[in-house]
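Read through the structures below before going on.
Two complexes, one shared chain (subunit A), two partners (subunit B, subunit C).
Moving on to the complex of A and B:
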């Protein structure tokens, strides 16, 4: 009897919370198919006109492309720098290594708004114009700690002997890193990379403050919001959701497969 | 002699590997931060930035009600959001960990955080669809005849809190669930053997053991919530501005960089203070 009560309460609670969690997303996706000008009830009928409108919107498509490029390039740089630093700090005894690790992780503890404002102050002082490059620099700053932490924590000591063996067989440091260490750490490098891509792809405040003429997708969506409730915003929002979930599944799949093998 | 030079070349190589990341962090994080600290001590007079060192911006913050109220609003909203999110997320995490069959737990968890992956800006916008005057909630209430006039649900503090809680319930469910599944079932058995009922077991055994997960999640919630500009800007209306909104106002309309820098540093101090409080509290609990 008591157990039945707990079960019932549990299910009711879970249903309510899941309802709360999914309500806005469901409304977003449903009304992206609205046949009418307002993405609110009543639902007038099914139409894909707003998706057509999104793909016909040059500015949105340009922003989409910009976001892809910024996310890929900044994540590549963050991963590369993070990997090199993790390799050096995990495999060599360097003076002040705890301080170095702390410094590399530090940006993680500071609000994006403050990182953006700091960079903006410097760029203004030196008269450097804002562009997608400055956005990319900001995104590397926020993603580098993440990449470093993920890759560093996966550099177990059990890999050292394999690297020593490679070196004994005459491989240079560079060769060891590219042909031995990197492949062994591929799951965590990929995890760091995809996580960076999704963070950069979705980041707003740095992209907003550090860009001017060419903008990324979240900034372009932000300016769409000025027109109020608009099914086109629903459509682009639903598309972004699908892309992100696809990226998430890809990450889950690659990691799952790799860990399943070993 | 030879060994020493070998070690030296090794060390030089290692420095070469770590240098790019260090230089990047120094150049684009530490230096900008120091610039911002310096900027916060300057001032802006008649459109020019005056490099006279003083604490005027910080004094102004405490003297001008509009600025100080921003911090109070930020703190109030952040505290409400953190407490509400923990209270709502804990039962869900518990249900997923204890009531959902093992093989469906991963699926339930992925479902619980799926809306996480809507775009950050779009997430707040979709709450606008739900809460606005002609939104889903109002239309439903009017259709079933509960209200005759649409309620003002968006553009106020409640809407901001709902938008935030939605996001952080997902985050906290994740951290608390991770903590719950790590607990050995032996704890519960031991408590039962010693005569504790379900509530006593929860109150004196499970809850204290999951406190680290709660605190980690709560601290993360605090940091992300207090620094956020987007959610209050879209959902909160113009009556009760939070600190990030006020910082953005300094940048936009007035181009008052020194003031924006000073307010950012105050925001950072608030976060640091929260960290100190959380850390101390956690340590006492552990001992």
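Moving on to the complex of A and C:
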């Protein structure tokens, strides 16, 4: 009896929690199929016209492509830098290593707005024009701490002997890193990479403040929203959500596969 | 390939701690040397110095006559087999074994062929396409051996390679290691704290304690004629009986002990000639005691003793005896299976003179 009660309560609780999290998304996706001009109830019928409109919108498509490029390139750079920093701090005695670790992770605690404003000031001072590159730089700044933290935490001491063995067998430091360390850490490197892709993909404030003519998708959506609600924004929102989910699934899949095997 | 190794006055300090204290050691080419000692005795430090993972604070290392003291591990003719095997988890076995050859620029087909040959040597040819996590501990250990041997090292360094295996597998791997060493002829330097393992595989054992070498010799020498109290105690169970040298002549010495006065040939003093008045310790292995039956030549009588405890061990009875002359001294004595022993029995104890080793100092010093 007591067990039934507990399990009922936990089911209700789980339903409420997941409902709270996913209902807005579900509504967003539902009304992206709205057959009518307004993405609000009542639901008039099923139509894919807004998706057609999205794919026909050159500016949106350009923003989508920009977002992809910025997410991939900035995540690659953040992962590479994060890996190098983690390798150095985990394997070598560096002066003030606790301080250096702290400094590397510190940007995580700073609001994106502050980071964006800071970068904007720096870029202005040096006369560097705003572009997708500057957005990418901003995203590297926010994702580097994440990549560093994930990769650093997975560099255990048990890897040291394996690297030592590689060196003993004649591998140079560079070869040890490329052929042994990086492949061993691949699950966490991939985790860091896909997480940064999703963060960069969704990021608005930095992308908004540091871009000018070429913009990323969130910025483009924001300018769409200024002209009022429209099922088209729901459609593009659903697409964005789909891509994030895909990235997370890919991450889950690759991690699960690696950890499931060993 | 094989090469001689020479360590000259190697000292290694870590801050105030001296891990290795002025150690000199000559290892012949093709020899199977075991560094034996308790944890913290400096054996792994010595191995790391041979492998190039540490450089000595003082002293030098020569391999095959070449100066190696400050040469990096990659450039030494040595490879190390690590205690945790340190296999590359993301590579197939053949790629693990072929890694060293790859680093030496050997083409893929050639090194695969060679890797397969070495996997064959350790009986894992059929598993060449597996990954390390699919193997058992013993198999991983063999892969580590194949990988270390694949680059034809002149000296193979083994850091407690059998430590993680269960006892039965360990005994089996000992035999295999020994057989493989004979086949490849490489100089093996093997670190362990297991004296049975050391005796089973070594050509010569180096007993170490507190950063120093206590004793070097063939297993039988070290066991039968130890040159230090530590070495005697570490190699197996032994009875220490304190005494004092009272008289000397050119071929023998008389020692007064709690069990009586004993005259022994100078050959019993393995650590150097005795000095009159010197405090010494008798070392007698439990299996060397005899029942004194009448007067027998070359048998040293140790008086009557009483059995205070006994247990049957299959090959022998292991008994605790309290000598009548010194009841607080408890001796461990192995008695034949066929004898009848029970608590309280009086036994006339004796030991063949050739089996007694007398070492300077008392057990309190060690």
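Things to note:
The rule is simple: the second predicted complex is superposed on the first by the 242 of 262 C-alpha atoms of A that agree within 3 Å, B and C clash if a C-alpha of one lies under 4 Å from a C-alpha of the other, contacts with A are read in each partner's own complex, and residues count from 1 in each chain.
Operating definition for what follows: a residue touches a chain if its C-beta (ideal position, glycine included) is under 8 Å from a C-beta of that chain, and two chains touch if they have at least 3 such contacts.
These numbers were taken from a predicted model, which means no experiment stands behind them.
By the document's definition of touching, neither partner reaches A:156: not subunit B, not subunit C.
When the two complexes are overlaid on their common chain A, residue A:27 makes contact with subunit B while staying clear of subunit C.
After overlaying the two complexes on the shared chain, residue contacts for A:172 are found with subunit C alone; subunit B is out of touch. In the superposed model, A:180 makes contact with subunit C only, not with subunit B. When the two complexes are overlaid on their common chain A, residue A:102 makes contact with neither subunit B nor subunit C.
In the superposed pair of complexes, A:19 makes contact with neither subunit B nor subunit C. Between subunit B and subunit C, the partner in contact with more residues of subunit A is B. Shared interface residues of subunit A, touching subunit B in one complex and subunit C in the other, do not exist. Residues of subunit A touching subunit C in their complex: 158, 161-162, 164-172, 175, 179-180, 183-184, 186, 261-262. Contact residues of subunit C toward subunit A in the complex are 51-53, 72-74, 78-80, 82-84, 86-91, 99-100, 103-104, 131, 133, 147-148, 151.
By the touch rule above, subunit A contacts subunit B in their complex via residues 7, 10, 13-14, 17-18, 20-25, 27-28, 31, 38-42, 81-82, 84-85, 87-89, 91-92, 94, 100, 103-104, 106-107, 109-115, 117-122, 124-125, 137-138, 140-141, 144, 148, 173, 198, 202-205, 209, 217-218, 221-222, 225, 229, 233-234, 236-237, 240-241, 244-245, 248. Residues of subunit B that touch subunit A in their complex: 10-11, 13-18, 20-22, 24-26, 28-33, 35-36, 39, 88, 91-92, 95-96, 99, 111-112, 114-115, 117-123, 125-130, 132, 134-136, 139-140, 166, 169-170, 223, 226-227, 229-230, 234, 244, 247, 251, 257, 260-261, 264, 267-268, 271, 275.
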